[in-house]
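So, here's a batch of structures to check.
Both complexes below contain chain A, partnered by chain B and then by chain C.
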Partner chain A sequence: MTGLIREIRFLSSDRAALLWLGIAVLVAALSVVMGLRETASQRAVLSELIEFDRAERAVVGELYRDWGDAAYYTFHLTYDSPSDFAFAALGQRDTSPWKHSIRALALEGQIYETDAENPVLALTGRFDFAFAANLLAPLLLILLLHDLRSRERTAGRFELLSATAAVRGSPWFARAVLRVGALTLCLIAPLWVGGLLAGTGASDLALASLIVALHLGFWWGVCAIADRFGWSSPVNLTVLIGAWLALAVIVPAAIKLSVEAAVPLPDGGDILLTQREAVNDAWDLPKSETMEPFIERHPEWADYTEVSQPFEWKWYYAFQQVGDQTVEPLSDAYREGRIERDRLAGTLAWLSPPALAERALQAIAGTGMAASLAYEQRVRDFHAELRAYYYPRLFRDETVSDASLAQRPEFGVDGALPPHPHR
Partner chain B sequence: MTMNRILAIAREEIRLRLRSRLALYTLLIFAVLLTATSIATALRMSEEHRERSEQQALAEETFLSQPDRHPHRMVHYGHYVFRASPPLAMIDPCVDAVTGQSMFLEGHRQNTAMFADARASADLGGFEGLTAALVYQLFVPLLLIALGHGLIIREREENTLAPLLAQGVTGIELYAGKWIALAGVALVLLLPLALVSAAAVAAGGSMPASAGIIGLYALYLLVWCGLILLVSALVRLRAPSLGVLVLLWLGTALIVPRMAVESASAVLPIPGKLTTDLRMQEELREVGDGHNAAAPQYRQLRANLLAQYEVERVEDLPVNFRGVVAESAEADLTEVMNKHAEERMALEARQARFAETFGWLSPVVAVAAGSRALSGTDLATHHRFLREAEEVRFDFVQGLNRVHVEQLAYSVDMNRSIDAESERRTRMSAENWNVLDEFSFRPAAAGERLARAGAPLAMLFAWFGLLTAGGVHAARKMRP
Partner chain C sequence: MPVLSAQALSVVRSRQQVLKDVSFSIPQGEVHALLGGNGAGKSTTLLTFLGFLAPASGSVHVQGRDVHENLAAARRAIAYLPESATLYGHLSAYENLRYFLSLAGTDTDRDELDAALDRVALQPEARGMRMQTYSKGMRQKVAIALAILRDTPILLLDEPTSGLDPVAIDEFNRLARDLAEAGRTILLVTHDVYGACHVADRIDLLQSGVLVGAFDRPPGMDRIDTEAVHAAFAKHAAA
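Moving on, here comes the complex of A and B:
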């Protein structure tokens, strides 16, 4: 115990160490503030959009008194609200869409659109807590630990200190524990404050703290191994930063390349072109060639497939659906490929602890690739609901009524599709 | 001050460095890393260039080979444009990964680009999209720090500084010699970049822009050499010198660029495209729906036309009124859409410029901005793509509307939904589809790109001047 107090005193007089710790607190606090600001602004954007969208639909609802027109002209907002932990790991939210407006036309022509941020900003990446904890903190830890022994060696006190210690190595161990602990605390304290402000659950915060601590523990291990070689401080630091470069940058880059080589994706351009051809060819084909594949998917409308006019809305929407059906194999392959890439990246991330920690934090925050794919699926489900709503009205040739319009599905309402079922 | 003495100091320094195994290994690792990322980036980008050019050709062929149709159906059939990456994207692909590569063009709408790589790639926490440009911008400085942090300190530690100065070597000579040694290593590291630039020029890239990129990175690395040497002259011990430099690197390479992003989006927020689109709807409704020639918005147009041709009924006009409405609505609608698109692009450009001013705080921000401007992969180039795509869209849609106006009789058009035969008569000959222009996206001319890189270059020159002045000052005052 007296040893620990001595070490605390020793740490508090080590100006370099205090500087690194101060930087850690500052960086973590800044990252939390900026993450909170970003999620708050995303929420504000969404609540404004939801309002706009509702008002717009009310206006459009008045304009068209024909189900075909109503379905054609009405857009429906879908969105993925940030979770209460998203502030700490913004993840995919700056490159993948979290809001999307769709209508009852063929979905494949719409689902890949992105309402993206300024690309120059998205490219650099955000300054969120995950960045501070996973990429910056290991460097700070390296700076804190790299000269624990070598400094004493340079000062000529190493032998003396080692010989007088009760247990061999113990003063070093206590010193290191104290520093790793202090750094972890410097990172976690701002996170908890941010979590309290954002209303994050304690279990999420505890889990995130555990991830941060384990990740720093790993880097402590790396520093301890480097220490065994008895290098001078500068050599030690150079080697450790090299290790950071390898594990935080080069290994992830190599994983990305190999994952993409191992799991090829169908080309996006092919999906679009196939879908468009299928939808447009329908105009020149006999109506039965559209209605037959449509009925295979929707046998309940088999009695309504008679199309006598050159243009009828039910036929129009049927070929929109058949267009989606035609491109389904490609589209499924594209989606499954992305899922498989994400799964493989998750496995290989064990080779790079910073990547693993990042993915873990994103998983808690619901901002990873998996969450982004899940949102895409919810958009698909909602589109299916829209079709299920319009088909009876189109096929039975009903008239538009306010009562009927009131039953139209709305994203995130009626409990059918909760706004963020992340976990 | 004699050149010989300076060169002798530089030679000695390099000889010593080469004897250190650690230095040699780090150099070797970096050489491999740079070569590997350069080749990987170059191969990927030239492959994508080929693929997208092929897709573009295919999209044009498909459009032109469409059968006879009602011209307005071709308006909705639409067209695709693909942004083929410019040759210099081999060096710095930059925004290419986050902006979509393909865009669907159709009547009455401006769509966004689709299929950004970033949305389909493995997600590994920040640096997985490593390119040669990023290695130069972020990590080569680390190597220079590892090699150079002790350049002057070593003379102190080995007690050779005092004898050197006593022998008549001036502080400036010593400083210059060390600088040349470190700068020499930095310039040798530019070799892979030079090779990729040569390949890019061979693939059709602009020679002045390529030379500009090499110059930009050379200047950038020299800024780091100046900084490293200055710290090495001011700090008396090796360990703190390394600590200070790593801290400076952490700040300039990792923290400031992201702070720039956060500040730009906080200070100059941009409403998303969905928000803008929804706000635009009211204006678009005032323009009217071009599908509905009977809409009140077109009464004036009808009256004008009837007066112009001195006829009583729309049926008697020598032009197809439905086509005229489609054409006029498209023009008005496009004006509204372009106004909002231009507003959005102006905001984005302001945001990017705001973020760029952080180059005064961090040379990493400056070099990144200069590099993407010169490579033709910056925001301005992306906007250029959006504008050119819009031009193609507007031209083919209006070309088709012209066919609708001039070749399809109004009476035939009005009866299109009676039966199959009437519908058949509204189909116009496929020869009309050649209203489509060939699309081939090229970045701005080299002169324009060099001009855009002007501000970042000025920042780097300022850094260089400041650090050199600081170095000269420190060298003059150098005492053992």
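Moving on, here comes the complex of A and C:
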């Protein structure tokens, strides 16, 4: 304890160390503020959309006199609210959709649509806590630890310190513990403040803090190994920055390329194009060619397949579904490929502690690929509910009524689908 | 039993033999000087006593125990003053002394610090100032004060008068003699013939890692014969 107090006093007079720690607080605080702003903005957008959705739902009965029109023109909002820890690790919420307004038409043409506000920004990613803690913090730790012994050697103090410290143990461990501890504190203090503001559970914050501490602990180990070689401070720094570059930048990039090469995916454009072509071609095909594959999937409507008019809504919605069925193998392969890629990336992330820590934070935040795929599945499930709601009304040619409209599925309401089941 | 002893000590650094078959012993209360030119192996000898270097052959003993088998005990018994001791420039003399003494597990109050700094004649007004503003001699005085405050039975001093002015060197010599008379054993290494002759009870002349001569203070004399030592030093340096 005496040693720690002595080193606290010593650290408090080390201007360079205080500068790096100050930068750590600043970077962490900035990342938390930006994360909070982003999630607040996403929540505000969702609140507004939910209000619009409710307003639209209220007037559908006045606008449309048949179910075909109602199903065609009515958009149904689906969304994936940010979790109360999403501010710290925005993850896939940069690039993957977290809100979809879908119709009861073919789903495959809708589900991959997204409305990223600025694709360039989405490409570079957001500056969030996960970025600060996993990519920048190791650099700060390297700056704090790289010359722990080497600068004492250069200054001619190493032997004096080591020989003097014979009674209570060397100062190196206490100095390293203090620097690692102080940096961890500088990072997680803003995180906890952000967590309190966002209403994050203490267990999530504690787990995230543990991940940050373990990750920094890994880099402490790397610094300690480099220190064993007795190199000078510049050589130490060069080697450690090289290690950081390899583990935080090159290995993750190599993992991404390897995973993409190992698990090829169907082209998203092909899915969209094939589905569109199937739907468009249906206009020119005999109606039986649409209804037969439809009935294979929905035998309960076999008695309602007769289409006597040139255009009937039930035929129209049947060929929308057949369009989806046509690309089902491609769509399944795309989805399974993404799951496999995510699984493989998760395994290979053990080669890169920064990537592993980032995935762990995203898992807590519910913003990783798994969460993105889960939202996509909930949209598919909801779309299936929409079809299950509209088909009886379309095939039986029922009259639009307020009572019937009141039974329309609503995403995340009436126990249908919670907005973020991963939390 | 000698407090410090080297027996047939040989040390190799960077594939170069820097000490060859060096033997000496120092009884308690003696000031022993290792005199030699640059690269003679003086500092290497001190680092071997501190356990930073291992003998290629032979051994070094502190208080009768082999250093490399009892490293912690050896270091506990020794206060070490490195050559051109650079204490922390961003700390004051008081803060440096407190830091290093805390590291050694020694609690000292301000009066004790002042008493030690008085003994090395460091100006009182400088003691609270950051040491980066100190001259080399002032820094050396603080380092000597640290060695005194350690209150260990043995002092290993590497060029202790480096950077000191003549008055301060005389004060240091008196201080070293006082410490020896109080029972502390001092091994100092230096290339200052005059200073070594004035302070030491015995001088071993080291040249290229080999002991080439030894000079004792004659009974009743206040110093070793400077001219004889100087002549031997010059002769071996020329060789």
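We adopt the following convention: the second predicted complex is superposed on the first by the 413 of 423 C-alpha atoms of A that agree within 3 Å, B and C clash if a C-alpha of one lies under 4 Å from a C-alpha of the other, contacts with A are read in each partner's own complex, and residues count from 1 in each chain.
In this section, contacts are C-beta pairs under 8 Å (C-beta built on N, C-alpha and C of every residue); 3 or more make two chains touch, one makes a residue touch a chain.
Predicted, not measured: the structure shown is a model, and the values here were computed from it.
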Chain B versus chain C as contact partner of A:Phe311, first or second or both or neither: first
First, second, both or neither for A:Arg15, with chain B first and chain C second: second
First (chain B), second (chain C), both or neither touched by A:Ser352: first
Partner chain in contact with A:Ser209 - chain B first, chain C second, else both or neither: neither
Dominant toucher of chain A (residue count), chain B or chain C: B
Partner chain(s) touched by A:Pro171 [first = chain B, second = chain C, both, neither]: second
Contacts of A:Leu237 with chain B and chain C, given as first, second, both or neither: first
First, second, both or neither for A:Arg6, with chain B first and chain C second: second
First (chain B), second (chain C), both or neither touched by A:Trp283: first
Chain C contact footprint on chain A (complex, rising order): 2-3, 6, 9-10, 13-15, 155-157, 159-168, 171
Residues on chain B engaged by chain A in the complex (per definition of touch): 22, 26, 29, 33, 37, 40, 51-52, 55, 58-59, 62, 67, 69, 73, 76-78, 80, 82, 94-95, 97-102, 104, 111-116, 118-130, 139, 142, 146, 149-150, 238-240, 242-243, 246-247, 250, 254-255, 257-262, 264-266, 269-275, 277-279, 281, 285, 348, 351-352, 355, 368, 372, 378-379, 382, 416-420, 422-423
Complex contacts: residues of chain C adjacent to chain A: 47, 50, 52, 71-72, 75-76, 78-88, 90-91, 95, 99-100, 102-105, 150
Touch list for chain A against partner chain B, complex: 16, 19, 23, 27, 30, 34, 37-38, 41, 45, 48-49, 52-53, 56, 59, 77, 91-92, 95-96, 99-101, 109, 112-127, 130-131, 134-136, 139, 143, 147, 151, 154, 232-235, 237-239, 241-242, 245, 248-250, 252-253, 255-257, 259-260, 265, 267-269, 272-273, 276-277, 280, 283-284, 309-311, 334, 337-338, 341-342, 344-345, 349, 352, 354-355, 357-359, 362, 368-369, 372
